[in-house]
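Below is one structure, written out as structure tokens; the observations come after it.
When the chains are written out, they are named A, B, C and D in that same order, and each has its own residue count from 1.
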Amino acid sequence: MDKDLSMYNIRTDLALEAKEMAAPGGEDIPGVWSEQDTQGEVTVSRMHIQTDEGARKIGKMIGHYVTLDVPGMRQGDTELQDQIATIFAKEFEAFLARIGTKPTGSVLIVGLGNWNVTPDALGPLVVENVMVTRQFFELMPDQVSPGYRPVSAIAPGVLGTTGIESSDIVQGIVEKSKPDLVIAIDALASKALERVNTTIQIADTGIHPGSGIGNKRKGLTKDILGVPCIGIGVPTVVYASTIVNSAMDLVFGHMKKHTPETGQLFGVFGSMAEQERLQLVKEVLQPIGHDLLVTPKEIDKFMEDIANIIASGLNAALHEAVDTDNVAAYTH
Amino acid sequence: MDKDLSMYNIRTDLALEAKEMAAPGGEDIPGVWSEQDTQGEVTVSRMHIQTDEGARKIGKMIGHYVTLDVPGMRQGDTELQDQIATIFAKEFEAFLARIGTKPTGSVLIVGLGNWNVTPDALGPLVVENVMVTRQFFELMPDQVSPGYRPVSAIAPGVLGTTGIESSDIVQGIVEKSKPDLVIAIDALASKALERVNTTIQIADTGIHPGSGIGNKRKGLTKDILGVPCIGIGVPTVVYASTIVNSAMDLVFGHMKKHTPETGQLFGVFGSMAEQERLQLVKEVLQPIGHDLLVTPKEIDKFMEDIANIIASGLNAALHEAVDTDNVAAYTH
Amino acid sequence: MDKDLSMYNIRTDLALEAKEMAAPGGEDIPGVWSEQDTQGEVTVSRMHIQTDEGARKIGKMIGHYVTLDVPGMRQGDTELQDQIATIFAKEFEAFLARIGTKPTGSVLIVGLGNWNVTPDALGPLVVENVMVTRQFFELMPDQVSPGYRPVSAIAPGVLGTTGIESSDIVQGIVEKSKPDLVIAIDALASKALERVNTTIQIADTGIHPGSGIGNKRKGLTKDILGVPCIGIGVPTVVYASTIVNSAMDLVFGHMKKHTPETGQLFGVFGSMAEQERLQLVKEVLQPIGHDLLVTPKEIDKFMEDIANIIASGLNAALHEAVDTDNVAAYTH
Amino acid sequence: MDKDLSMYNIRTDLALEAKEMAAPGGEDIPGVWSEQDTQGEVTVSRMHIQTDEGARKIGKMIGHYVTLDVPGMRQGDTELQDQIATIFAKEFEAFLARIGTKPTGSVLIVGLGNWNVTPDALGPLVVENVMVTRQFFELMPDQVSPGYRPVSAIAPGVLGTTGIESSDIVQGIVEKSKPDLVIAIDALASKALERVNTTIQIADTGIHPGSGIGNKRKGLTKDILGVPCIGIGVPTVVYASTIVNSAMDLVFGHMKKHTPETGQLFGVFGSMAEQERLQLVKEVLQPIGHDLLVTPKEIDKFMEDIANIIASGLNAALHEAVDTDNVAAYTH
């Protein structure tokens, strides 16, 4: 029997985690191509979900997904951050090429999320740091140096603070300003604490219903916007219950390795199916608030660092005149 | 010969100041009705520019203008602030009635200006403090208590940070979210230092090209948006050169009162026409940067106070269930 | 054999949690008096550690501890917040009376922690919101209304940002400004996610080495400062590993209740001693960063709310002229 | 008769401006040595007040004063900012050498002023950006690389928010932490709008009573602190009345140049002594609030830029291992 992911309550917005759940042993999934390479401290995972079957198995849409994993990203090492921005820029350029966006094509960068909720402020922070150039093309097109393209940027707020779906706001702006491409940045929920603020995902499928950590129920996709949308996501929060569950997995795994006779080790609990156990954990924890989304104590600094990496990477990827060797100089 | 204001470089966004310039002696202007009354520390000036002639003389569009002048607004007195909010709410309700907006009509509040420039942050600050209710009407219309209307709010940013004209962004959002009325809040430049952060203007003519203190060149008007637009403005900055010029006027006036033979008092300078003198002042000051817009040192606190007054006043004026006697309770 | 807490690595700064660990069944501990009462949604626990033996068992110093537990504190309900502030003020007044601080005695409020790390910013936020009056007593003593006392306040920063131990900075300021009492506010680590931002502890033992969530290694105590020190603490973070461990306890407890034959339920794992299991959990989780301190996603709003409660409560407790019935009016 | 400055109400904290007022024609003042040189866009003025007579004439204490004037500092040009930081570092090193502070001598950086008042936040902003190293020398002295010295930093707040004189707080901290040198940074008032946010002053006389723009009435000097104190000041505000008065001077000067017969040009007003005219301007303007301190509209960005320049410059001047060629890399 097929083990479709739709039956699970997967608390992850990351395609890579969804794939790991669908194929925990790393086995091939039909219709899903993937590769992985490591550049210094950065692991780049590229995945192409090619068929409906693959999409169904993983629970994510057909499309390209790239994930940068950098366990050291939380260390505040500025040299490493420049490296990540450079790798990000190169991977992002591949997306632009695949979509067919011309070097002069105009881009609207959308920073989803809420200014006032630190772990949800990734989008607004990137918007604040990215180079905005569209106004020069509109007001003095003759004076713009070659090697730049028109880039605009907006942080539309969240439903709770504006009263309007972000998706509707962005649609309205797209219709007026007519970009060739939308890039949407959002904070995500992860299944694993170790991925929080160490992972960046790029996907040409846009941003989807249910994604993100706030009330962002309508998506930002080519269907809705009329132009392609590349989504950039960073997990910044994790459910307390998934911390518990995946920790249990690890503890069980650790003990099994050392003492093989599992039955005796964990009794009935050890032999429960994963979903049954997750359900149990949730039931027990909910009354005391363990179903909270949590984030690391140092979240303020982490958000600032990652927003700078993404803004630097986007500047380098979008403008030929901005050098990927020194991307950081164009943000502040 | 008519003394049209269009020939002057009036550095004011306030209709009341423009009228004072057109009729410095307080004389009647044909086609312009006005009245003034004082409620405690608050002076309310109501003006109706009724004809093209009146509009041309004053240099402002045909429409209604109400100005609240409160010299004590900078004192940080919370009781006075509640009074101002209540008076603001009543005057604002008169605008709603005149326009014919129904108590259930939906409203989009637009906070123009730049978060990161304190004296330009009035609009975003009001948006942050105002009650937003539209989402409840969209998601659970049956559960909204009577006495509220759908209110949404957006701070679209400025051209320099988004790359898109605020006016275009707002148009796009209006087309998607279809409010019955737009309320736009903006920081203004005044001609007089004593008006900075002590005056609030309401006008049913919307927000106009050239107004505001940043790059907001397209307007927000019924013509552009397709729905009525009420503009709320507060002068938060003043040109250094106009401080100088109006100070000179005061000094001359003061000396004349005490020593009548003006000619001897100021010689050639005293007999220059006002515009000639202003031109001279500007010429002399420009090279050394006196053409700066300046703002009081305590601007952070002033902005917070006025944004709260306006947000409280709007909450009371827009929702019947919010009591004008205790408007402050609905903001934070 | 005695079960001394010193042998445990207790990750809690709360005396109440330490007592629960020392006497999990609620049994009496010699030398420790305690009582508990509930006022609306607020549970007030008062504990007096009276003897060395009691102190050793619980792992906290001899002294009085009061804990306010309010599960609903995270809801943002302003009425409840006023209630908590009033109860806090009354409990705090009992501390002042016990210490023998006169109604005119001068007080220095010390806000420990780091402005730039949201969950560590409790102290600085309280300092920003509390009424400061000492300057009036110094500059114009004749004009101060009766019912007030001299209150000063400082947020000394943390070792990482100042290069100086907070304790040394405070000592220096105490020697110069000679308060009769120091009140120190700090963010704490809890053992339980459900206590994060729902609990306030007051203790007349000051602030102790190892407490707090940053590098604050020297204490603030009567011994060091020469004047009494009341510590106020709020748990704002929890170790991911303790979330996991206490969740496991809950799951085991839940399953045991339903299926009594424990041995079979959890095998070897179930029969491990708590400390052994905690050690195992830490060993397994450390390599993947689960030893992080985490905090709820909504931490920005939670911190603001609790800082207001404490500032309001302190204003009411410290100044006879400030009414406990309307404490909120004196903070902003 | 001597023209002592003590009889004037000079609204300037800058020694250079005070000297210009005492010797408007640039004439020599006995007991005052000065020189000036220009490096690119930066004019460096060095002044040594050597005698009591010189001090009395200028109205500033005996000591060394260096002023960096950079009209372009408000342009936000990062290359120019690096240049200024480098020149600042070199001038500052000369102060260190003259005082005799050893390369390993410990330093306490004091950021005077108020976080919450943008034009008064210079000190706190520098403290936030400067490298703090003292804790490494205290906790792991063997592991500190050569080329660094112990630097600590504190922003003590202002009397209105702490209830304690900044000077007392700093004294207490100096007594506990025993630095060899104190560096105090403060925002100043200038006599000239064009100096606001374009000038940096360094002085080995510390910070003096009456200086600064807030309530900082006690000084930070070697007499009070027991160790030398170098003051760094930046004018960030100007009185509206001094804008007016100096503008009048400019206008009169401009007209005189073009039409020599002054008497006829300005009559009685033109022949008033400067102080008489200033008095008149103040009398006329006070009732309408023109005695406000004002600051440029763009103050938020200006403060950030200058704080970075000073922090970068201090890092380079204080640590031999930090290269003056690349000072900016050590701040963020």
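To be clear about the criterion, a contact is a pair of C-beta atoms (placed from the backbone, for glycine too) under 8 Å apart; a residue touches a chain by one contact, two chains touch by 3 or more.
Only a predicted model underlies this, so the values are computations on that prediction, with no experimental measurement involved.
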Labels of chains that are neighbours to chain B and to chain C: A, D
Chain at maximum distance from chain A, centres defined as averaged CA atoms: D
Computed distance of Cα centres, chain D from chain C, in Å: 42
Centre distance in Å when chain A and chain D are each reduced to the mean of their C-alpha atoms: 47
Whole-Å separation of chain centres (CA-atom averages), chain B against chain D: 36
Sequence positions of chain A contacting 2 or more other chains: 116
Contacting residues of chain D [partner chain C, same complex]: 116, 128, 132-135, 150-157, 159-164, 168-169, 171-177
Chain B residues touching chain D - in the complex, by the definition given at the top: 71, 74, 116-120, 192-194, 213, 237, 240-241, 243-244, 247-248, 250-251, 254-255, 259, 263-270, 280-281, 283-285, 288-290, 292-301
